[in-house]
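There are structures below to look over.
Same chain, two partners: subunit A is paired with subunit B first, then with subunit C.
What follows is the complex of A and B.
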């Protein structure tokens, strides 16, 4: 029944990210079988080859390498994730060509941007940025992706406006844009229809609801039995229970200004009652009971170094009057284990990206820097081929670049020699 | 008597296979979004929940096809059932679900039931339908509104019924093909396969 490798994809279907364009099944099989063995050298070699190509390419169309590299990455790492490096790759590719006007309307480049936006926490910002930069403004796919994002966020009006903008800019292919616009309209109208239907069904007489904690009229003469039907007339007094008890207490202490809150009463007072009050402070994020608030530790002293070099601990608590039992073999710990103070930690820790540093922010910074450079402001200039070392998703070393150039040169030389030999041989004949 | 309960006859087999196609086609139409999801209702069959259409026209069409198919299955004259998904605007074929049917024609002569319990057959059918559901992991997104068509390949000498017409195979050029699981009732064997447009041709 099970046909060999064919079940492979089914077993790990949860770990395969669906792609808009689908997946090549052969690549998928290969990727999944490699995953079980751990990433093979073949994948690494392929990646290295792409990285090399990115740096050594000197043709007309550098975007092509990036495009192929990214497509390969998508197919080779079906589960996505950090290992695939896809997010970095997309970001690098996208920033790299921001200033190259010739790519701004290239469908491949626009698709890279859209993929990049989909990987970002705030895709709408990216689309706005693209519009401001004039990237893909005549591409139908740009408007479609933007509109879909608005629609996903539930803003159908904005989604429609995006299409209008696309029509104004005469985005190509026009019929594709028209078709998606029609589909959007169909979806919106269908949703509206369904909402209307739901409202109509809401207008039907409601089933009487049971009231919690209501006094029920008992049935039965000798023995009080709760009625089966516990709504409407079966309830003894809907709002009376609380009130009657409340008044009796109030009667005893007439002077007290105690007001008893009655939920049912305030509700009946009218729908205009609930007022929209602005939050004085943002709501606490966690509604937790028994939580200790952070407070000033004014009376806590940090142990200070004495001149003898060892730390002075806080004075030990008075010795207990009894002798605590200590197991003979047990060495009492000399110090209670505590977290090492990060300020004196000698080990370098990786710098965490601060929260503000979104991909878009980085992009804008990059852009800003370039503007400044153009304006003639003094700028850092690295006296080595920094661009080449860092241009891919992985950092290269000088030696790798040199080796690459060397191999290329030797290959060329041997090719020339071979041709010359051939030429010689033919003349000898 | 007890042996007939466990075994399966040609008639029973035809019914089981036709039932599988009914549920299978419904699942594909639901999974691939050919019809809006709210026109489907959930039912439980084969110990799993399946989506069944509530659209009256579609329901009528499918009942027609399945009952005709059952007849052909009983006569062992059907070879293939193909579900073709085409783009509504350009009528380009985007996906092709092919179910090859192998009939054991000797079952027509001997009416003796075969030794295979319905439960095992249904287990096999269940795994095929599960796999159909799982194919969305690699199938491309159908971005445009699509239509579907059912093609049935029969033996050549068969007369075409009134409501049917002859058609071409609707093959996708440059396609990627994936074999799915198969199941057998020991009289009919069904091999499933899906073909879709290759990614780099987009």
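What follows is the complex of A and C.
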């Protein structure tokens, strides 16, 4: 049983999104085995139960339900994706409590925000929004997440500034903030050292080469998009603190340095030296993917030095002075008119240009609307409990809400009856 | 308030009304399901209750199979059929979650139920037994039968069109053309399309034929909105019922109004007076001379005090229901 689970986990590692807090292995096994037979009614029922709880909760701490629901979702849908509704859920949770000041410094709430930011295409904007709203400004984890984002984008100076801001605000826990700040400083200085060493070691320009298993930087501001160019500066040199200066595997220096085979040297080397496997066949063309592709030369302007010292533009290619001969019988093939059923045609219709709507935009809109609502100028008013129907990741109908109230009431009644029966029985005895 | 062409049914249900359905063959009988766990049969002409039977939990929908058999389901997830002559219950089967809708398809002779367990089940009414379970992408909120086709409206604003003769695949998957939650779907009696109403005062008229020319004809309009002090109050549109002869339809909203629409000329034919509370269900009788109107609060704004639940029977004239030929 346990072995079967292990196999499954081995087979689907790439489908599991990493979590900061890690995953419970039992939950993972369960989720993976369920994944293969499609999501069971048990999962649906559990989700429904959470959704009900979100709506029916009338205690002191509504965030608790959201927190548990989101954690459950993360564990139950290890591959993430649309089905999990995680993005919607985070967005709703975060929006729901934006105006509740009591949660602004709650570590759970701040963590939800950080998760939300990590799911967004522009995390930095979210962090700025948080700061402007005063959410999590005394939480160390907020500054750590923010700084990490800057560092991922290669802006170490800003990353440091974020930490400074955190110190200024006396974010708690302070030692955690200090520890992460030191780690950042260490990484930055290590990189600086490596850069210096590189400059010293190689003076000749080198062909960039891809490094296998290197950590890539995200392209531009967009998150989780690997760059097209996977050499040189695109490689993240801050991964971990394991490699030491001398044996840097990353970076270009080690790649361009060729290992020259020397018979005598190999003989003298001890058995502990790793033996280099010789190629059985020359590398296939597949391996040449980093070669420069042939470019269009007509567009390239090569500055040409003439005798007189000024540049001459390359003359444009002359037009052919002859008419290309075409055989008279060689008519272009006439197109057979192909009638496409318009109904079928719509299947492959072009995607409509959708409005650019980022989660942040929606958030700001929401914020804006609420301000306007306070000003007392809503144009439309929904005559039903809109919040109850639409909170959570799935919608509810009036009947479902009412059914939930009904079940709650009957459960209470049966409980009262049971207690009364017990009391009666004890008095009879 | 009630004129000569309208009267209130006696012995109404003790809790909210979930559905009203007229008998397929006569204008005499009306079936009513309710949150008080009962299904009642009324003699509309005599204004008396003929019969009632119980479920173990609130009943969300009911339907006639033939003039002497009713089917019903609700929060107890059980599907019941009741012989109205002998007053006998049979439990036909069950869903994994409450049953939201019950319909009969005369063309294929099959009962259809939709449930919050994300499935539609078919039932052979003669045996009676289960004739198949068909998974839907979301919780089923409403369904309607158009000839041998089944139109299912689910949570997440999805609409699925199934072919009841071949349930092997979904014939069409659509998204509701309205922005908010689907409340009700009813098919045109001429089987060419359906009307879909949403929770935010809007109704869409859609066609089943996927060809572009036909699809061009679809449209949506706003209704069941009241302007008060410059604020537009938007009410859910809970109920739709088609006039079997004229293909016009009535809509009922939480504003307590009933409107009758002419979908061909895109005109409102008439609006009745305001009923005491939300319109929960509407039903034209078989020849379209009467309209049953269930005025019953559905807890749209929570569990608060509200006017009494009631069923009104209204005589309707051709002037109110027939498209005006121009």
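Here, the second predicted complex is superposed on the first by the 272 of 429 C-alpha atoms of A that agree within 3 Å, B and C clash if a C-alpha of one lies under 4 Å from a C-alpha of the other, contacts with A are read in each partner's own complex, and residues count from 1 in each chain.
Keep this in mind: a residue touches a chain if its C-beta (ideal position, glycine included) is under 8 Å from a C-beta of that chain, and two chains touch if they have at least 3 such contacts.
Note that the structure is a prediction, hence the values are computed from the model and not measured.
In the superposition on chain A, A:400 makes contact with subunit C only, while subunit B stays out of contact range. Looking at the shared chain after the overlay, A:382 reaches subunit C, while subunit B stays out of its contact range. Of the two partner chains placed around the shared chain by superposition, subunit B is the only one that A:21 touches, whereas subunit C remains out of contact. Using the contact criterion defined above for the overlaid structures, shared-chain residue A:179 touches subunit B, although it does not reach subunit C.
Within the superposed three-chain model, A:10 lies in touch with subunit B and out of touch with subunit C [touch as defined at top]. Contacts of A:190 after superposition on the shared chain: subunit B is touched, whereas subunit C is not.
Taken together, the subunit A residues at the contact with subunit B in this complex read 1-3, 6-7, 9-10, 13, 16, 18-25, 28, 71, 75, 175, 179-180, 183, 190, 194. Residue ranges of subunit A in contact with subunit C, taken from their complex: 41, 44, 48, 341-343, 346, 378-385, 388-389, 394-403, 405-407. Contact residues on subunit B toward subunit A in their complex (touch as defined above): 36, 38, 89, 124, 127, 130-131, 134, 136-141, 143-145, 176-183, 196-200, 202.
Within the complex, the subunit C residues that touch subunit A are 18, 35, 57-58, 60, 75, 96-98, 100, 116-118, 138-139, 141, 155-156, 181, 183, 199-200, 210-213, 231-236, 254-255, 298-303.
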